Amino acid sequence: MKLVFEKSRPGRRAGRIPRPAELSPPTVPGELRRERPARLPELPEVELVRHFTELTSRNFGIDTGFYPLGSCTMKYNPRVNERVAALPGFRDLHPHQDEDGAQGALELMHDLQEILAEVTGLHAVSLQPAAGSQGELTGLMLMRAYFADRGESEQRRSVVVADTAHGTNPASVTMGGYELRKVSTDARGNIDLDDLRSKVDDSTAGLMLTNPSTLGLFDENIEEISKLFHDAGALLYYDGANLNAVCGISRPGDMGFDIVHINLHKTFSQPHGGGGPGGGPIAVREHLEPFLPVPAVVRDGDRFRLDYDRPKSIGKVRAFTGPFGVFVRSYAFILAWGRELRGMSEDAVLNANYLLARLKHAYDLPFDRLCMHEFVLSGRKLKREHGVTTFDVAKRLMDYGFHPPTVYFPLVVPEALMIEPTETETKETLDAFAEAMLAIAREAAEEPETVKSAPHSRAVGRLDEVKAAKRAIVRYRFEEHPDLSGEPVAPAQAEAPKGV
Amino acid sequence: MTYAALTDADREAMLDTIGVSSIDELFRDIPAGVRLDRPLDLGEPLTEQEIVERLEELAARNVHAGEELSFVGAGVYDHYVPAVVDYILQRGEFLTAYTPYQPELSQGVLQAIFEYQTVVCELTGMDVSNASGYDGTTVAADACYVAKHATGRSKIVLAETVNPQVRQVVRTYAPGFGMEVVDVPHRDGVTDPEEFRAAAEGAACAIFQQPNFFGCLEPAPQLAAAANDAEALAVAHVDPISLGVLEAPGNYGCAIAIGEGQSAGNPLSFGGPHYGFIAAREEFTRRMPGRIVGETTDVHGQRGYVLTLQTREQHIRREKATSNITTNQTLLALGGLIYLCWLGPEGLREVGETCMALAEHAKERLDLPLLFPEQATFKEFAVRVGRQALDAIRDARTHGVNPGYPLGRDYPEMDDAILVAVTERRTIDDIDRLVEALGE
Amino acid sequence: MAAAESYPDDLLYHREHDWARVEDGEAVLGITWYAQDALGELVHFEPPEAGASVAKDGIYGEVESVKAVSDLVSPLSGEVVEVNQKIVDAPETVNDDPYGEGWLVRIRLSDPSEADGLLNLEAYKALLAEQ
């Protein structure tokens, strides 16, 4: 379809701006004045709405269908959360409003902090980080500040990360100024303890771990792992990407973790918006609280205020107190579950194990255990026997009306398919997905070309990523389309609408 | 259990298929010592109706922009957000999608991001934009990381006239990057190019803001030239709403343009979520942080879009990635795209001109000394109220007018100054009320 | 057009799937068929600068496909005297012809005796058999 720039014609417009007639036009100093206007598109509002509506028709969301993207926790995003986030008292509240004029917002944040402290089993929470990866980096900054305060910053140089970790973990380690030490996975899918022991000593600052791991497995040796790090004087960081498995069942603080980030856009249902926004609050043990970002949201009797007086704080990691609109949605989501939040994780784990049971005979299962909220299959056999790759299976699932799982991750499993159904799906949906996966496995044997050329039913076929990377066209090339200078062009052929 | 989808009968049948006798058995891999043996200490589950009541009650205890005539800006601004933005962003196909890893199911978001990248490049005069950063503070840290790797240097130069929150965030990030920060003080509200050049000697990058935190127009072309002289990357932090009237950073020699996108298409929302933007000259493409969408074709030769140049990113390059960012602010950035398309080039110029004209009018009507009388300003300016600014603000608010931001909060020597922001949403009558309220 | 699997017997191999062709105190370096096959079609070559010194087992550059990045490991020590500009412009040449047109850099050796420590064809094939 056309780009919005290709629908533009000079002189058209949607929005109008008040122009107080009695004011004289402003004068901009000559060399600071814009010479050539930005080539923003010019369209009437109806064309604008149709353009973006057509784009939505070429996109797939949770509202469209089942979206079992592993480690992304694509659960239903309740509409009421959108309604409450749009209340004028939240949406139109200026972040520099003084504390008296923001008591409701501050109370909400304080409540959310207390809820997250309870869920994680830790002492203090900062809501400030903008997303999980920023929560990770903030956690590493806390480690730095903590060890500097103890006079150990020269000594503590390395952070241990599992080979099953999301790429954000090693990337955060580098950005936080630490050296990476990788630890491998054992035959049961736990951290290899022998390898781990060789990598922890008094130069270790900490561990970053996702538990359950990206394999969907709970590390059975977590108590021993915690002890190993604490005995070495190091800290444990919990990557909360998979917290949806354990709410009310097992708390990171009780597992021995000192710092945790929570992905509000996963476990607590902030819609992911095609890539963001997210929220990455962090929770810490008492001895790390002085280092949390400023300002802290604190309670004085029945009043709430922002506390900047934290001399040991690492500082600020983003503007203001964090992505407030995300807090409103997640808070509303948690209120719905309340003390029954455990039921959320129970159903998430039940749904995952049910799908696993239905699929494990048709695909390879690298670790034959019960899973937590997600599981990883391998398409190795399909590839070896029929030349059908996991990539092909993913594309074929689209023809059955499903979003594919996460593929080729974690890296330790070849041809990986990482499936996370979440708790908000019905048994009928899970059955339909299982049937589709089983049908594709049969197709791989009987008519592999159908699978290898999928998808067949979408707005576009397989896209050439090599060409994209080589050409690196990352913005519209106006210069290659001189016909858009205002001359009308011949009307395009009407395109029949296609499904996404 | 408002959002549960299974019935007890479903659960029984599913446990049977799995081959376990109870839900508890599913958790048998969790050692007993780390299991929670009590219910979470949270409230009773609420129905939707009760949730709305609770949230309405909290929202009612905030004084929002519709209840008080506000001239508060200082980084986040009360510009008009048109209805089409809200409408499109609430479409579930955008709202409830994940990052577009599967392009055949995500052409809508991918094309929209490509259009957003184009708009950001057009506004800033740059060649490449990513799909967004967290906000206007973190993109400054991103720019420093780009500059460190591009130059092999470790000094960051920051004009003191850059938004204090941006400066604080850069300071928080710098030690992990192995970088140090040097401030350049303001001279009468703006940055002196000579001082900027001297500080930029040996620096990876030199960051200034246009218009700056005080609302003043910096000698931006000279500042960029000063940074370039010292072979530091010139980084401009700009307000998108100003770029219909003010020159684009790419057109006066900057290497990187960054900014807070909120003023273009996002509500105030008590500080977030908003979107940060970062755009650069082509030579920095492979050092850019985060997602980038590129054009390609499908197997039938049709044009289409994919996430591209992903080898920069954490999921492939891991510890050597150009950034750890994954989740970004796509939905808010799309709000920015829709808003800017709604405005068009004329509208963008007009909104800038209206803000500027109203701000000039307010300056004239207020019978108060300007803090920096020599400087031209855009939509924001600082006045001295002849007493503690906090007292003047408190008194004005008793008249239902919030006159602005107390500069003393960040610059203690300016404790008698208020930073007044005037957007196109304010009227001449509103300015009359401001004059009255500050005159009391 | 991707090349068929082959491993010439006039090359010396490094266990990280890099090769060297040694001649007159210089060596031409590249990556093996196995390496390019594992990476997929190359889309980028980040070369060293001419004049840069490289150490045996050290990293002298990077190649990228769409989904992966690989460090280029130098089998030998020396100074870069030439970068194959053709690969900078058309990195897929490595996939087409990994041992001919697809060479990456030419270095002047600082210690030609290091070549004794590299794998011959037989030893490299044995290594591949373990993969």
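Lettered A, B and C in written order, each chain numbered from 1.
Convention: a contact is a pair of C-beta atoms (placed from the backbone, for glycine too) under 8 Å apart; a residue touches a chain by one contact, two chains touch by 3 or more.
Just so it is clear, the model here is predicted, and its values are computed rather than measured.
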Central chain (distance from its CA mean to the mean of all protein CA atoms): A
Between B-C and A-B, the pair with more C-beta contacts: A-B
Whole-Å gap between the CA centroids of chain A and chain C: 38
Chain A-chain B separation of Cα centroids, rounded to whole Å: 19
Chain B-chain C separation of Cα centroids, rounded to whole Å: 45
Where chain B touches two or more other chains, by residue: 310-311, 316-317, 320
Sites on chain A at which at least two other chains make contact: 465, 468-469
Touching two or more other chains - residues of chain C: 44, 64-67
Chain C partner contacts - residues on chain A that touch it in the complex: 408, 465-466, 468-470
Chain A contact footprint on chain C (complex, rising order): 41, 43-44, 64-67
Parts of chain B lying in touch with chain C, wherever the complex brings them together: 286, 310-311, 316-317, 320
